[in-house]
Structure formats: structure tokens, C-alpha cells
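Chain IDs A, B, C and D follow the sequence of writing; residue 1 opens each chain.
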Amino acid sequence: MTEHDDDRPRQPGRTVARSDPGRAMAFSDAVIAIVITVLVLDLRPPDTEPGGLLAGLLDEWPTYLAYAASYVYLAVIWLNHKAAFTRIREMDIGLQWANLGILATLALVPWPTAVIANTARTGNLADERVAVALYAIIGALLCLSWLVFFSYLARHPDLTHDHVDDDYFAHERPRALIGVLLYLAAGAAGVFIHPLVASVIFLVLPVFYGITSHGYDQGPSFLRRGAGSAKSS
Amino acid sequence: MTEHDDDRPRQPGRTVARSDPGRAMAFSDAVIAIVITVLVLDLRPPDTEPGGLLAGLLDEWPTYLAYAASYVYLAVIWLNHKAAFTRIREMDIGLQWANLGILATLALVPWPTAVIANTARTGNLADERVAVALYAIIGALLCLSWLVFFSYLARHPDLTHDHVDDDYFAHERPRALIGVLLYLAAGAAGVFIHPLVASVIFLVLPVFYGITSHGYDQGPSFLRRGAGSAKSS
Amino acid sequence: MTEHDDDRPRQPGRTVARSDPGRAMAFSDAVIAIVITVLVLDLRPPDTEPGGLLAGLLDEWPTYLAYAASYVYLAVIWLNHKAAFTRIREMDIGLQWANLGILATLALVPWPTAVIANTARTGNLADERVAVALYAIIGALLCLSWLVFFSYLARHPDLTHDHVDDDYFAHERPRALIGVLLYLAAGAAGVFIHPLVASVIFLVLPVFYGITSHGYDQGPSFLRRGAGSAKSS
Amino acid sequence: MTEHDDDRPRQPGRTVARSDPGRAMAFSDAVIAIVITVLVLDLRPPDTEPGGLLAGLLDEWPTYLAYAASYVYLAVIWLNHKAAFTRIREMDIGLQWANLGILATLALVPWPTAVIANTARTGNLADERVAVALYAIIGALLCLSWLVFFSYLARHPDLTHDHVDDDYFAHERPRALIGVLLYLAAGAAGVFIHPLVASVIFLVLPVFYGITSHGYDQGPSFLRRGAGSAKSS
């Protein structure tokens, strides 16, 4: 029950167990697809008296907002996952577990989403504070799992493709760390100021993250890290 | 955390971040497979008194009809998705989000389906009007997401395969737009005339769409857009 | 929004819309994987008083049996699906819909399974008759969807690989037809004799089907249809 | 409806039905991805009075622990499954059923996990004993399904890649057998000593299994089975 380089017989001298990222990518895709879909499928017909359907549907607006925010968040994560894996040449057992850590925290996202949607319906302020704090903790954990993933890749440049800058993943770490801090700050703001403040930050953060993350390479050329030099090396 | 052309080193001069559609296709397949299956799996044993199972099962007929209609609708969407992606050579971040928009609205379909099935059971006319209006809005949103997708591809012909007509996706736009209008019209008919009218249109629309969509190229040759000329170009 | 031979530019003269079975296979795998897994995941902790867990778990034995039978049934279907698709070279829109028909009826299986498990718990004989009749109808529908699939392939030998006997799928039809009749007969036996008779047949049928289906080619050589001659043609 | 070597026409003389492991691997990945994700998605907002959310969330700690343990267990299984399949060249019908056996027992894991989490909440000692016994039985069954899988491969060395030691899978059997015994021992300790003892073993076992399993090949070289000699053969 081990994982070694049987599928790459061209390197018989290697002793460390490694494998092609193909199956890990397909597995991750399946997990993210399930989480993002189940999140949307969690929308159920409201439990209303006959004649009360319209009011029941309109009352659910915080739910719609919460699910939209989480959908965008998970979509951004999938795009980042896809982008990261185009740079990975092979995986060792440490990277497998780092990836499984991302998948575990990512699969948690629908849970605080449902908790926030629930408390928004009942409208108890103490519960709303707890709910945004929970969302903030899961959001921070998710960024933390990316920080671990990037750090592992930064310390193991031999796992990436030859044309990837050796310090590419080292440069990704601050972005993940900032995510950890921003989610914790949003949670603190939700607890000590007002849950609505946290909710707005939860809505804005993934959008901002999505734009900047891809703007990084697609923005004005002087902002782009030397992709050309990486390729020529 | 960006997406660029690492996986296609043969085009070192490109600066815009692009990727192979393979993983987006697999991800979409997984999402559509989950939605279409969960839709069917939503059928549950009726909650009846001992001895009342037969009556309970027969009473559920609007549910069976609603699920059959949504299944055909989602199957038509999957076939169209598959057909569209055979024409896509590579994806940029805009096309990724256009595709994620289709997946998000598509995953919403089981929700109004369950709402319609619920109201059909209770038989409150006001609720039935709201339910068909909701279904119409989601149906229109789904067609709208396809309109955005086709428009994006029409404006970016460099993302499609060489043998695809430059105006292929421009020609697909009216079909999506007509879908938006037909779903809204069906919803209006359901609200102002009778919910049953809307339900019949919801049942017929996907079937009609499915037939005409494929008849487009498979019908008599004088109806087919010049596939030959596209290929010779 | 059509499906034609863009992905196989080597046959520019073809006018009928066809596609590679790859994505249909992946989609079918995903649907069957979801159905078979959700079936098992439907097992929930019994709703018992404190201290009553053991009795609660033991009382569920008809559920375990029902799920085991459906799991084996779905597993046999997946193996048959896989075996059929190794013979399919390309798919047209008719075959796509025949396959979507199999997937739709297959996804229904957990529903009568749960209905049977429910009635077995309450022990009302009238309900048990209805439940086995429902299971028989879904089982027959599933065999019917295979009959349609095989008939379509029998009438379109150009969709199969060159080394497949032209009458291979014609020879598969009787097996599907027998399945339709056996499920209906089991249902009738359940209604007119006793539900237990039907339940036993439901348990035995997939096992018998699974064994004979693969024995067809793996049994003594004089039972095997001329695979060699098919290959030499 | 059979499975033979159509997809590998290069061996026309073979009479036994065999197939490429590709589709079985994709199917297994999908099943494991669904099980591991649904396990996490099973976390729901606690059903609390307004203002009681924090206490409700904190009360759920046994649930979090139970899900964490099962997640790690399923992740270890996926890694082992992936590692085993890199050694498999082709599958016959017996190996297909052995794999379907692993998938069936693996999909059962969320069930005793939820049962344990439930009883931990109610705190009835008799129920807790039953719950850990159930978990132990499912855990033992899962190891047993691996034992069957390894034994089948040990008896059919022709199904593995040429560079795999003929006794590789024979050597894997004791590890699976030890798993059966350890889970049964943990269950017995839970019933006759205290459920907490079993719970701790359930938490530790997968971690221990995960480490030793991969340490097997990655540990000091004198512990590694002669991978080099296997390759030279």
C-alpha cells in the first residue's frame, strides 16, 4: 500500500515515492464539483403555509446572498487550484496531504454558510456574531491550508515543472497569509462591531481575491512577474 | 495563483493567461452529472399512513412530471455544453467565469422544480403562480447565462478551433435570447392566465429546444450553415 | 448548439452529427458513481430512544438487504455499461438519448429501494405489495432502456468498432427483453402471491444476470459467440 | 454484455475477458470523492434556540472529531487505492468485483461515523458501546475487502505491470489482515472496557496506518522491499 514511481519507469534510480498529479487533479475536481453543487442544491422550498410561498421565498434573501458569496469563493478556489496544478510536475506524499488539507477545509464551507443563512432568518444578534465568527474561522483555515500547500511547494522546487520560477510558490505565500489575516479581521469586526460588517467583507473578499489573483499575470506588464525569464531558464 | 499558458509551452510569446479546456470540461461534466442525478434522487418514499402507499404514490404525479421535465432540460443543456466545447480550443479567465455562470444557474434548476412539485401537491393557486414564476425566472437566467457565454465566444474567435466559422457563436446568440423571452413569457402566462399553461410550456420547451437545436445541423442540407466552407477556410 | 464531427476533422465529408464517446462515458460514470454511492449513504442512524440503538440497528435488517441488492444491481449495470462502451466507436444524437434514458431509469433505483425498506419496517402487507410492484416497474423500465439502447446499436452497426460482430448488439436484445419480463413476473408474484417472493427474486436476479452476462464470453469455448471471426473480419 | 479485450486488439489470442483499469479507476475516484465530501457536508447547523448557537456548536465537538477521523481514514484509503492501481495493468471480472467490494464498504463509513456522533451527543453508555462496535465492524469489513483485493492480485500476477514484484501483493496481505484484527480488538475494548478506548484507537489507527504504509517504501533503505530488483526483472 505505497505510492512510488512505478508509473514513471524512466527514472529507476529514484528512491522517494512520487506520482503523477493526474489522479489527484481529477479527485480534487470531483470534490470541488460536489461541494460547489451541493451548496447550490441546499436551496430548498421554504416551509410555508398555503398562500405564503411568495413571502417565504422573499424572506430567504440572506440565504441567496450567502450561497452566492460561497459559490464565488469556491469558484475562485477552483480556478486557483487549476492554476497551481498546471505548475506541478509530480506529487510526493507530503504534497498529497497538503492537497487533501485544502479539500477538507474547502468541503467545510457550506456548513458556516448554512449557519449564517439560518441566523439571518431568526435575527438573533448573539447568534449572528457566532455565525460570522465561525465563517471567519473556516475562511481563515482555508487560506491557511493554501499557505501550507504553497510553502511545501516553495520548499520542494523539484516537484514543479522546469519552466516555473523557483520562487514562484514562495511569492504566492503572502497572498494566502493575507487571506488568513483578512478573514480573522472580518470575524473580529463581525463580533465586536456588527455581523453585517463581516458579511459585507465575506462578500467582497472572494471577488477582490479573484480579480487580483488573475490580474497578477494579466495586468499591465510591469506588474507581471518575469514569466518570460522563467521560461527561458 | 494565476492561470497561464504553462501547459502549452509551444507558444512562449503569448502574454494573456489561457488554458486547455480539458479540466473545465471534466469539472462541468461532474457538476451537471451531480445536478441531474440529485434531481432524480430527490424522489423520496411518500410519508403515508400504513395502507396508504398506493394513494400516496399516485398523488405524487405532478412531482414525477416536474422531475421528468427538468431531467430533459438538463440533458439538453449537457448535450449543448458538450457540442459547444468541441468548438473551443482554449479558455481565458472570462470564458471560465461565463462557464461557471452556466453551472451556477444550472445547479439552481432542482430548486424551482421542487417548489413547483410542492405547490402542485397543496393545490393553492396563489402559490402555484409564484412557483411557475420562480421556475420561469431560473429558466430565463439559465438561457441568459448561455447568451453571455455565446457572446463572449463571438467576441473572442481566437478561443475557438480553426475550423469553426468565425460567426458560429454569433449565430447561436438569438437562440439563447429567444429562450430568455420564452421562459419569461411562460412565467407571465402562468401568473396572469393559469399556472397550468406555464407548466405545459415548461414541459414542451426543452423538448422543442432539443429537437431544433440538433436539427440545425442535421436537417435538410439547405438549412445547414455552411459547415463545408468553414472547414475549407 | 449541435454536435458534429468537429473533433474528428479527418472525415470532412460526413454530414451527420457524431461525437467521440469519451465524454458520454465520463458523464455516465459520474452519474452511476453518484447513484451507487448515494444509495449506500442513504443509511442513516436509526431514530431511537436512549438505550435502544442496538434494537434499532437490528430492526433495520430489511433495509440492509434492500440496499445490498440494489448495490449489486447497479454494479452489474455499470459493468455492462463499461462492456458495451468498449464496443462503441462514436455516438450520434439518438445513441446519446438512449444512454440518457438508461441513466434516468438507473437513477430511479434508490427510490423504490427506499420504499421497500420503509414498508418492510412498518409491515403493512398492502403497502408491501405496492412497494414490490413499484420496484418491479422500475426494474423493468431499466431493462427496457437497455433494450432500446441495444436495438439502436443493432440498427446502426456503423457506430461500433470494426472488430465488433455486426449482429453483436442484436444478440444482446433478448437478454434485455427477458429482464423486462422477469421483473414484471416478479412484481406480479409479489402482488398476487406474497411480497417476499418478489423480494427474493429481486435479490437473485442481478446476481444471476451478473454471472450469466460475463459467463457468455468466459464460459466453455463452445458457448462463446465467434469473437475470433469478428476480429478477423 | 460482456467485458473482453476489444480495447486491446493487439492480443487477439486471449480468451479471458479483461479490460484496461482506466474506467475502474475513474469510477473509484468518483465514489471515494463523493463519500469523503458527503461525510464533511453532513455537518449541519445545530438545531438550537435563538441565542444558543455558540453552546450548540461547542456541544458538537464529538461530531467534529468523528468526522476528522473518518476523513483521514478515507484519505488514507484513497492514497492506498491510487498506489495499488499504479501496479495494475489490466482487470478481469474478479478484480472488478473485488474493487466494487472495497467501494461498497468504504461508502458505509459515514454511517457508523454519524451513529457514533449521535450517541456521543445523547451520552447513553449502552448506545455508545453499540456505536463503537458498529464502527469496528465496518472498519474490519473495509480491511477485509482490501484483504480480498490483495489476495486476488497475489493469485493473479499476470494482472500487474511487469516491473511489479510477483509477491508484492502477497506481502500486502498481512497489513490488511492486521487491520481486520485491530478494528475488531478496538470494538471489543469499546464494548468490554469503555467506548472512549475504542474511539481513541479509531482516531489513531488511520494515522498510524497512513504513516507506516508509506514509510514502507520511503523509510530507511534496508526496510524497503527490493524495488530495484523487481524493475530489473
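Quick notes on this one:
As a convention for this text, a contact is a pair of C-beta atoms (placed from the backbone, for glycine too) under 8 Å apart; a residue touches a chain by one contact, two chains touch by 3 or more.
This one's a predicted model, so the numbers in the text were calculated from it and none came from an experiment.
Both chain A and chain D are touched by no common chain. Where chain B touches chain C, under half of the residue numbers in use are shared by the two copies, so each contributes mostly different positions. Averaging C-alpha coordinates per chain places the centre of chain C 26 Å away from that of chain D. The centroid of the Cα atoms in chain A and the matching centroid in chain C are 37 Å apart.
For chain C, residues touching at least two other chains, in rising order: 26, 30, 34, 38.
Contact between chains, using the touch rule, shows up for A-B, A-D, B-C, C-D. Residues of chain B that touch chain A in their complex: 1-4, 6-7, 9, 12, 15-17, 19, 23-24, 26-27, 30-31, 34-35, 38, 93, 96-97, 100, 103-104, 107-108, 110-111, 114-115, 118-119, 122, 124, 126-127, 130-131, 134.
Of all the residues in chain B, the ones that touch chain C in their complex are 25-26, 29-30, 32-34, 36-38, 40-41, 43-45, 48, 50-54, 57, 71, 75, 78-80, 82-84, 86-87, 161, 163-164, 172, 175, 213-214, 216-218, 221, 224, 227-228, 231.
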